[in-house]
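Got a structure here, written out as structure tokens. Questions coming.
Chain naming follows the written order as A, B and C, and within any one chain the residues start at number 1.
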């Protein structure tokens, strides 16, 4: 790959991840589904002070999982400072720093969840489009109110 | 446009938006004015729990509007995860996720405003420089203390 | 330099700064040390409501300074909206907006520190790698609890 091809791949991956965050927060579930490879697998780690990990595999299952968690809430998810490495013309690795803030609806166990961590991901280029293939979230801290 | 030309335009637009945020927060009003096309129009949406929209058109009016709101305050405005599309060699569309935090001076109606949303913008390249031409802010949430 | 060479340098500098933030927060001190030029000098400005500036020079001293402050704490450091200018093929200037949030251990003077500001930096390319050469942090606001 030339430098320009590599830089274009990096920019395209940044924009895929941007749609991941934005579509989740504006509840655009068709747009959200479109960022994943068909065989996507995700591991959001332990949640809600529960030791069990939030995991799913397959694009439909991943969308259903995330939708179930954030649809009733006001959610804000931001990504920062990507470290993207193009491994081959159709595969890449990425780390994004992240912050998320969730305002749960009235009557929920918690009022808000505020967290920080890093996404560790792989991407695959399928039919000309970069898509998220694997995603693992590690946490620095989560605060509930 | 070549890939390199397109990527350069995207990087230049990111840096224009970076100056928009930084100049607003360090109160560099000459630097802030320099990011706008002469016929800029902005719509910051409803503010301060008031239904009326905060709008302005023309670079001088936009600077005066923003300056009037943030100059007396300590303001923090951050942008995240741009989705920039170069439409022609001199026009572009962009979405930036955003967070803003304002510490109002003593005696104000509120102590702080903390908000999250997205900027939906268009850019125009005039005399070799990318400039913000239209700006619309949509909000996910605003919290006052 | 061609546009592609300049854009590659900008992307490499973004990734150096990404490792600066991530390695500090995951306490990877070998990775953190690897982002600095041997003659690095840093000025983190006044801290902890004390007028004295937090300064160091030389990679080992800078790592020791930062490690001493953040190792006992949970720390979150995020960078935003870089303005990077490649001055020569081996030197560059950069500004990054920043937010930091520190959760101090039990029994500390403060429970948390939450701050916002800008990094003003220079970079040098040594033996094919961009490295941070000087770093000065200016603050918009710091809040302690």
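Keep in mind that, in the parts below, a contact is a pair of C-beta atoms (placed from the backbone, for glycine too) under 8 Å apart; a residue touches a chain by one contact, two chains touch by 3 or more.
All of these numbers come straight from a predicted model, not from anything done at the bench.
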(request) Could you label the chain A-chain C interface same or different, taking same to mean over half of its residue numbers are used by both chains? (result) different
(request) Working from the CA atoms, figure out how many degrees chain A turns to land on chain B, in steps of 5. (result) 120
(request) Calculate how many whole Å lie between the centre of chain A and the centre of chain C, each centre taken as the average of the chain's C-alpha atoms. (result) 25
(request) Quick one: which residues in chain A touch 2 or more of the other chains? (result) 4, 7, 80
(message) Residue numbers of chain C touching chain A in their complex, please.
(response) 4-5, 7-8, 11, 14-15, 17-19, 21-22, 25-26, 74-76, 78-80, 101, 103
(request) Quick one: which bits of chain A touch chain C in the complex? Just the residue numbers, please. (result) 2-4, 6-7, 10, 80-84, 95, 97, 99, 116, 118, 140-141
